[in-house]
């Protein structure tokens, strides 16, 4: 079942998704979209892990994906809470509004 | 049927379930901690003791199976906690006679004290019951303590022992400071007829006492930790079985060189570990925290500061007996420190007016006895005394608590008197416990103390001398306290009228412990002596613990001559009885004698009442200089010098930053872009350029 | 046609049958619900259309279909139209892993098309079935959230907000409760969980062994399905219907159906996981001593039992709806996080401990 | 067959990923993200990782996207981002950079041979013991410390979120309940 699709296809797909995610982070200014793009990048990496895991018959890749999911869940929860809190102060989610760190 | 039992035992189900002994009290602590406030105190009062009792039952099963396999140690490994390089830390438990003895003492006595506490922490007023404000918190900590103590004794390596060691310290801190909102307790001066009154320092507040205990214990813990590190660097393992077999192979060599005056690495380990034991088991010079620990609720004093936690040092030394046997020089130090502690604490106990402090100093003194025993190599005797001491001292503390409860938290024996008529059960059990502590013939304390003294005599008659004098003083101060509290006329009529006997939940544990205090001696009847008169009853404790105590070299197992043994036996027995008689004469027959004595020896009396001014000494020598030093450091060095450098460099950087900050425009997207380009270069270099230069690794 | 394609077609046909049967039951049970609620409140309930009002639902359906399909001008059209269908689809797809009976029926068509066709009483039997139930069940909130958002109406939006918070929260105790069952049966395969319950002459229903998990599951399922007393997404008296406010005609009907299918789905999961599935105590034992022709009827019997049980559970939902007042939103969240979740976790802990101790005592390690 | 499904789903995946970025409405972006996650779950199923596939749906589709939608709705109107046109010099630069990255990674994954020893997580073993069981055993033996760390991370996350979400402001007293007469 696995043999039908070469491993490099999965890797290439994941590279494309990763690049799209990274590009999205740069193109958009909306913090929520940026968060989504980061999630997409993580998912792309996860896909690589799982692909390697099944092509190499190793459980480690899947465990890693598990851990990444934990991190992603925490990241989204904290990130969104931060966003809501920021929104209370600035009335905005545009990241260019949050520029008070400049020198 | 017997065969069936054997097969049941052979499967060692209870042994494999030994983790439950820890898990159950832990579960109780979790439950009480999370839901305790919500479910009401009655539920808490049932959950907490039940958990300990179940743990006791499993411990009993484990001990039974250990007995059935003739004391052979059994490892129960749960999982590997961490594996870093060579350091392998399994979560595993050692089930052997020593750990099982401790488990039974901890859970058994612990259970009785839990039962006792369910009533002690409730105040009855005119038919209404008011549980303590933090009833659930108390039982959370108490259960947590039981679990931690069991980790300490069940762990099969020094790291787990250390974890338990620190956990019990933390629990002790939490429990001593349980009534953290109470302040210092000023004490009235001791009046002497026709003489100058002796001022008494105020008792520390519970919060301060907890802190003191914690800090003093830290000093010991540093020693213990260093000892564990040294074991790891020297032998490369912390597992008991591997470590001890490694030491055993060269124990004889170490022993010889130590006897020739060399200070070997084993001696260093033994010394560092002993420093830890000094802290936890309240030996000179680190004993000062224990008397102040009496600021905690009485069940805590009974459980932690008499029966279990303070004996952790003894347990540790008995567990490491091969180390101490290989380091006879340190063993001698242990015995000396023990003997001195026993003696000094007993002298202080002679004149204390606070019932719990008398018992506290007596605990320090008895712990000194135990250290003397393990110092002279009588590990079994030390353990035996540990067990009997747990029985009678818990009984005495609980009795003192019962009195406190009845008198509305009054603990000053100058305000008691005649309480026997009001509180017959408490008085009776207190008498029995007191007899055991005083070493009255045929009680548990008598046998264990006598065994220690006999073994000490064999080692050094001088130490025996200190021991026997201490024994006399022990009997005297114990019965001084008993007579002042329970006999004679009431000295505070109002308190006396108010007093009443406590409920069954308080008296039942008292009676059980009192019976154990009397009959606990059956665990270690003096076999050589009985053999001399033609009775062959083995020393149960010795046979039981035999597999744990490792023999070094070819020791001649020689006993004292029968006649010497008998003489020692009779001397200590006689001394106990005589001292009780003396106390009777002083405090019942002619009350003026102690007054006269105090007047005529006023300076010594004042010295004893003020505990040799050790606390003041430590304050002047260590605490105040340390505070001054830290103040100087923080003001002089830190604020001017260090902060000057820091502020200066910060200022410089800030100046520099003014120019560099042009790069920082505050737009997150620009930063992300910079990161992206950086990643691009790195990835490009890594994939297309081949290798990173070597220095990067 | 190869065998694979035929089996695939069979699966698709099964899905269609399941969907239509459920929609058929929907019209019937809507009437039952209205009748029962009427009786609970000492009314007659619908009794005008047909004998005893039996045709009321059909009349309602016809009315809904014939109404004008309106799309308000201020809504987000794509999502507005998509939402009801999404709600229905996610709820229906759960039925793919529910086993309705035990035995696979083999149609001996070798002479006709060259191979036998297997009729399994389930659509798919995947090795992570329980996770599938939870995963697809958790998608059920999308329809409501999107419907509420796209309506561009404050009340609808509030309903949608409440839904997302409520469903996210109640998924946790639900999952933990199911986890205790998974730990006990030792499998994630739904068919094996049902099979496990046929032990001890079919008496090993998990509801007897895990009463706490059952209660938590049931309560959380009520909340997940948005049934009374947790029907806060639509609270007609505060939010005038919540997410449904702007919907009418067939799309409203689809939402109604989705809500029912969602509830029905949780009823079947309850039956499957906790109430023995298609089995009854002693049923297999009795069937075994029966003559072969009767044994051949077992699949039908199983199916009947399964549907009967599910309907019985649904009736208990109606009963609860008629008796328990609706909760306030803060009470709802507090109840989930402060009571259900801790109890579910404790129950899981107790289950694991109990299993470990039992295994230890029986020497099963 | 497999390859066909792969290509269809992959195209769907890429399109939805682009949809996340090039959409002015955040809710649509979130829905495209949902589709993207679901396609990834399909890939997991195709890669014989059914357990992770279900967890992917449960965690990402069932929780994370719902949470994002929740916040989007909570913030409501402030979400607007003025985008008049996608064709700007800045975006051009970014796209060029992204294409460079893609070229580099793409070259890497296609040109470098995949090396590595085969493990023992074979489809046959999974068939025999069940995927969840095998992953569970691996997690709780070889990776126990990681599991504990993940637990700590989750705990820290919970505490952090609760702290962020706390309400400092005291609500004003409501006063007496208004009655009909008043």
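Note that the chains take the letters A, B, C and D in the order they are written out, and that residue 1 is the start of every chain.
Operating definition for what follows: a contact is a pair of C-beta atoms (placed from the backbone, for glycine too) under 8 Å apart; a residue touches a chain by one contact, two chains touch by 3 or more.
Fair warning: this is a prediction, and the values are worked out from it, not measured in the lab.
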item: Winner on C-beta contact pairs when B-C is weighed against A-D; value: A-D
item: Mean-CA-position distance for chain C and chain A (Å); value: 33
item: Geometric centre distance via CA averages, chain C-chain B, whole Å; value: 59
item: Whole-Å gap separating chain A and chain D, where each centre is the average of the chain's CA atoms; value: 6
item: Distance between the centres, which are taken as Cα means, of chain D and chain B, whole angstrom; value: 53
item: For chain D, residues that touch 2 or more chains besides their own; value: 51, 55, 63, 67, 74, 94, 97, 101, 105
item: Overlap residues in chain A, where contacts from two or more other chains coincide; value: 22, 26, 29
item: Of all residues in chain B, the ones touching two or more other chains; value: 673, 676
item: Pairs of chains found to touch, sorted by chain label; value: A-B, A-D, B-C, B-D, C-D
item: Complex contacts: residues of chain D adjacent to chain B; value: 94, 97, 100-101, 104-105, 107-108, 112, 140-141, 144-145
item: Complex interface listing, chain B residues touching chain C; value: 11, 13, 16-17, 20, 23, 34
item: Touching residues (chain side chain A, partner chain D) in the complex; value: 1-2, 4-5, 7-13, 15-24, 26-30, 32-33, 35-37, 39-40, 43, 46-47, 50-60, 62-63, 65-67, 69-74, 76-78, 80-85, 87, 91-94
item: List of chain B residues in touch with chain A within their complex; value: 657-658, 660-669, 672-673, 676
item: Of chain A, residues touching chain B in the complex; value: 22, 25-26, 29, 95-96, 98-103
